[in-house]
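Each of the next two complexes has chain A plus one other chain: chain B in the first, chain C in the second.
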Partner chain A sequence: MKLENGHISEHSLMFGVYCFMQASMLRTAFIVGVTKNDSWAMAFTGLALALVLVAIYAALLRRYQQKNLFEINELIFGNVLGKVFSALYLFFFLTIAALNARDLGNFAESSVLPGTPLTAFILMFLMVCVYAIRKGIENMMRLATVLSFVAAGALVFNVVLILKNVNIEFLKPMFQLPFKNYVQGTVTVAAIPMGEILAFTMITPMLGKNKKAGKMMALGLIYSVISLSIIMLRDIVTLGPLLGIVRLPSFESIRYISLAGVMTRMESLYAVILISLFLFKTVVLLYASVLGLAQILNFKSYSPLTLICGAFVLFYSLIVTKSAMENEEWGASVAPFFSLSFELMLPVIALATAMIKRMLKKKEAQQ
Partner chain B sequence: MRALEKLLSQTKKKITKSVVSSEAEEINPEKLSRCLSENLNALVKVFGDNCDFVSREFNFGRDGQYKGAIMFFDGLTNLKIINDNVIKPLMYDSRFVRSDDTGALESLEELRDKLVSVGDLKTVESISGAIDACLSGNAVLLVDGFQKALDISAKGWDKRAISEPDTETVVRGPREGFIENLRTNTALVRRKLRSPQLKIRSIKIGDRTNTQVNIIYIDGIVNPELIAEIERRLKNIDTDAILSAGNIEQFIEDSPSSVFQTIRYSEKPDTIVGKMLEGRAAIIIDGTPFVLSLPMLFVENFQSSEDYAVRTSYATTMRILRFIAFFISLFGPALYVALATYHQELIPTSLLITMAASSESLPFPAALETFLMMLSFEILKEAGVRMPRPIGQAISIVGALVMGEAAVSAGLVGAPIVIVIAITAVASFAIPFASDAVSLLKWVLLVLAATMGSFGITLGALAIVIHLASLRSFGTEYLAPFAPFQTSDLKDTLTRVPLWKMRTRPRALKPRDSKRQNFKIPYKPAEANDSGEEDRS
Partner chain C sequence: MKKSKKQKLEADYFKTTKHRALSAARRLISIVICTALIFSLSSCWSRRELNTLAIVLATALDVGDKPDTVKVTAQIVKPGGIKASSTSSGGGTAEKAFSNIAFTDKSILSALGGFTHITNRRMYFSHNKVLIFGSELAKRGIAEGMDTFTRNFETRMNVYVLVSKDKAADILDEEIELEQMPANHISELLENQGLSSETAIVTVRDFNIATLSGTMAPIAPMIELYNFKEKKKARLEGTAVFKESRMIGELSSTQTRGLLWITNKAKRHTITIDTELGKIDLIITGSKGSIKPYRNKDGTIGIKLMVNAQGCLEGNETEEDLSTLENIQKLSELAEEAIRADIESSIKQAQALSADVFGFGESIRRDYPKEFEKIKDNWDQEFVKIKPMLEVEVFLNCTGGIGKPVKEGGG
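Now for the complex of A and B:
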């Protein structure tokens, strides 16, 4: 029995990945703290690592056609152990959903409406997320294309408008930091925004018999890496030494835009796009959790669980970090290892087990 | 028209009663009897109480040996046809048969073939068939000795002349509009589409009103599954009355709870034909000048038939202008409240000073001010529509003066809010099809803006977009071609590309024949002569 009957096109998936990744624009502060003015390059080195992750996911998805991550777990590890693995993934999805909701809350609290309680933002935000999932994730995925164009268009627009404020000198000195920093930056970039596309393995079965899931995820990732490096380059050349001080570099750099007194305060437009992207990302993560939970509990439909999961994410996001500073500290130090254990370790174990199982089966057949 | 429908429903009520009572007396009440007086009795029992029911008995034949009777409703029929083409041939001409001819009638068909000179003639064999014929405006001819009756089409009731519709006025383009008469409406469509592929199917809906509903489409363009689905939904309707297009709309639409309409209506034949040529189907309902076209896309809210009659650049500008008007009418008051309450830093300083100075003496917060002004505007709008026309105008003028001038000078509301409300109102008139949805949603957005500022507006807007993306209209995604994204369909959305560039029909509608034309660049006369001339005709 299938829990999800929607269908999406391969392009929707690609643009979905792009939108999902663009929502992490704010989190560039993690990397900027480590690799300073060379951060833009980290997008590309991180991509190399992230493509390995995508290859692993694609291998898993190819082996088990039209199955999502949680179904694959049960097929590989059996009913009980599979559910344990699924529960681990569920924890991971819920955690990053909560972290994203919290990120958005912090952003809104600091930049949009200072003084409003955090809970109000996150509550309202998650209500819309729940509404979106109840209306069908396929509709959200279909919106991804337009949302991508809007996000990319706004980026180009911003970059063009800010050109008069940039100073290329800020890129110097290039690659003078200790090698360790670059490794750390690469791993952070690969783990935190990029590896989170693991959540899309819950959506890929909606492609139907189409086998291009891996390719589309990789393409989406590549496009988003280009955007990400442009964003970081823009921030570096605009802000320079300020980069390490401000909390939201992309937000601050757009503030510089001022064209004849007409094109000013662009960051308010940018905030709208950012909230939309955050919504998209959280919807995908929340959907992955809801669908996964329904599968673990053998529910016939996932829609009764959306509100429960939404409420859970609300409370989880309130306690997941004590403050925005702690969140940033965690993101720069522990988060990559936390994320990679779910994004890399568990899928590798699953893939290895599946391969061994198949080899054993082949041997049995030969004997 | 309303009175007529009421009358029809009353008579129908009586029929059902009398049929039930006569069933007890006779063995086969449905079949017509051989005896004229029995048939007459049966019909008079049904229609006897009606003063507009005419039952005329007469003798005809060479020697006046046949007894006949003709029955019809006065007012629904054209008396000239009945007198000149039915009664006169029978009573007068039938006496002048040749002497070698006995003038004997073999069958009723002979009468039909030789004497009654009316184009549309049918034979009915049952009493219910005769009743139906009378009610739909035909005359029924009964002859003694035959178990059949002739259903003579002599419809002729008063109808409105074809005029320019008030709801969709155009500067260029045809001005004729649909009227309340079904056949006139189908004729208006057929006159524009002289193609054998134009198909008109009929269904009767409503136990009491028996309203004729026609599905009209172009065979070969429209997706057959769409027609099957429309027929299925129409046949599923189980109601006693269909009085307007809106009634049908509510029975067959996909999401009745949505504020957005998912079925487009129009009063103009050229609009409907244009929609049909894109691969849609239309539903014409007897008794209403509004013709439904479906499936509907969100962008149709912003399309006008005039867009295709004016130059491309102008049409595109108008399209974009309508989208802006939609945006203003939806977000105008909410944005004002959010800016004035939470985001003063986004307002240019000089304006902020003016606003602060003017709002210093105001008693209410911006949100409440906006609320009151929006409320009074909505009341004014409703009063203007409902009041008898001469009074309505006076009320609008007084209301506008009191609202605009007096409220500001009395210090109840600020001047900026009057401007915002005025712009919002004018903008909502630029998008007549979406204005219903907008006038509801702007309240929701106002509440969101008053509580959560721009954050609330953003989330509200996102929820609206998600809602729009989840809507379906007869299997078509409402937000197509934006979601799902379809590049080739974008030609007729925010932009209106030149007509000769619209080579394909919208893919979202899944037409059977997606190619519309094959026309190259028009300013090369040599090429244009080869392929383009036919498309223009």
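Now for the complex of A and C:
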């Protein structure tokens, strides 16, 4: 029984990872609060940690060709325990989907559509997500290529326009904070935006008999890290010490752009791109949940579940945090550990079990 | 056989009617959905039409009449006024293109709320360009104003901050001729200051960055009214110096110039040199200033200031040919002397106020963070003691359109 018959190219996967990561532009406030003017470097140290995660996922995917994460779980742990593991992942995907929808909702509520009820905005947003999944995730993955270039182009555009108002001196003094802060920054970057690419392990079987899943995920990650560090560098040299107190550093630095009285109000461009990127990210997360749920319940098709999962995410996103302050507090303290337990701990357990099983099998064969 | 054919026909008939009914239902549903979707095209939930907005271009904050109150004055665009004054050419009093409204209350935001009692339109601050503090309020503290105007999502951080010598509200009533709105006049006035480099241009962001650094004293340009042909007009003059968000003193135009030389903000400036032969004008066309901390042999930190300027000889009252290399060398030395005098005067004033307007502390923190930790707590005393090394270099690279001076029988 195969639930998904679509095919994607390896480049689509790479650009998909890039888009997925770029949607986290909003979340840089979590990191800059901790590592201040050295945050740009955290993108690279975080990458080192995130590549370890990707290596683990790649190892799992290589062992079980053309299987997604939930199928692998059942193959490793058997029917019952496998489903328990899958349910845990399902909870994780739904939670980050809800958190992302809420993040975007908060952003829209405070700065783009003030006065529009949060529910109305998230409802519309999730309806588009559900529609996209019902029309096939492979279309969305193909769209990722275009979206990547638009996002990267907008970033270059914004950076060039703000250059008039920056002060490179804000980068100094480099690396003077306590070592603890850098560890926290690295773990946060690796866990919150980067590790979430775990959701792509539900999509990789669509590559067909291609072994390059891990490589493409890593490549997408590397490109997005370059973008992320450019974003943070731009924010640091534009805002300086203000970086520590603003809620949306990227938004504020783009708002500052004013070139010849014509090139102003660039944040509308930023908002449009951000919403498209969030759409992509939420679609991937929602798709992973829907496909996973269909597998756990042994459905023949996942499409009846999309609307249900979408509705679930809507209500979940409304209760997942009470306020922007709570969201931030959670993001800075608990979130890395919460995320890492799903992104690191569970896959490591799966991989270790798979290796032990194979060793036992070999021994049996020898005997 | 016949019967079955008939039956088949009947079945077909029923099929098609069923099909028709279904497709009609489908069509009805889709029409209903499409109609419902039209409502979502009415865009933003809380849409605000242009004719219900009061677009604020400038805001002035003053001390209120009653104790512990603040008076907020907002300059609102009057679109009808713009049209009237541009078509009526000369003669008659054209309708003003703006309207100033004011309200006094306990805080800025409650005063903004109070505007609803006096105007039918909703205040819209996204296009606010200028934020002026009255000096009386500035001396009491502007922390509330800066926080409010930074925090709000409607206002921007590239708003210019100014301090008026008298009431800030009066500045918004200046009688202007070329422009239609004082707000535009003031903001464009600031944008042109690069031509003389005697006024610091400060935005909300710049002010906040200086405040947040802890050691740096924020500054803001000062604006005042003067009488010209019985009309009140605004002009920029000097700089206000803040400490702990209170205005503690002023820099004169000369001292501001000195500040701009070393903080790399000076662009163009005309230096007039009095020699025994007559006056000579040098125009500085570009300048690069930097503050470089260095470590002394005994471990203490010193400050080195460097200014590197290029300029042209643009005016010569004398009969001397000043374009010879020898004379140019002498002139650039005189120009260096003039710049040095500006800088020394500004440092003297800043140390008298014990306010680090230049960011010496910041530059030490950036280059020698460990040493800075030790002197951070009593930076005010340290700053007063600093005797910076000064290095000024002026390079004159042209003499305008002519070489020798215009003089009698010179040709």
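Please note the rule applied: the second predicted complex is superposed on the first by the 367 of 367 C-alpha atoms of A that agree within 3 Å, B and C clash if a C-alpha of one lies under 4 Å from a C-alpha of the other, contacts with A are read in each partner's own complex, and residues count from 1 in each chain.
Definition applied: a residue touches a chain if its C-beta (ideal position, glycine included) is under 8 Å from a C-beta of that chain, and two chains touch if they have at least 3 such contacts.
Quick caveat, the model's predicted, so the values are computed rather than measured.
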Which of chain B and chain C A:116 touches, first, second, both or neither: both
Partner chain(s) touched by A:260 [first = chain B, second = chain C, both, neither]: neither
Contacts of A:365 with chain B and chain C, given as first, second, both or neither: neither
Touching partner for A:108 - first (chain B), second (chain C), both, neither: first
First, second, both or neither for A:252, with chain B first and chain C second: second
Which of chain B and chain C A:80 touches, first, second, both or neither: neither
Touching partner for A:239 - first (chain B), second (chain C), both, neither: second
Touched partner set for A:172, first chain B, second chain C, both or neither: second
Partner contacting more residues of chain A (chain B vs chain C): B
Partner chain in contact with A:319 - chain B first, chain C second, else both or neither: neither
Contact residues common to both interfaces of chain A (with chain B and with chain C): 113, 116, 120, 124
Residues on chain A engaged by chain B in the complex (per definition of touch): 9, 11-12, 15, 108, 112-113, 116, 120-121, 124-125, 128, 131-132, 135-136, 139-140, 142-143, 145-146, 265, 268, 271-272, 275-276, 279
Chain B residues within the chain A interface of the complex: 342-343, 346, 452-456, 458-459, 462-463, 465-467, 469-470, 477, 479, 482-485
Touching residues (chain side chain A, partner chain C) in the complex: 110-111, 113-117, 120, 124, 169, 172-173, 176, 239-242, 244-245, 252, 255-256, 258
Complex interface listing, chain C residues touching chain A: 40, 44-46, 153, 156-158, 205, 208-209, 212-213, 362-363, 365-367, 369
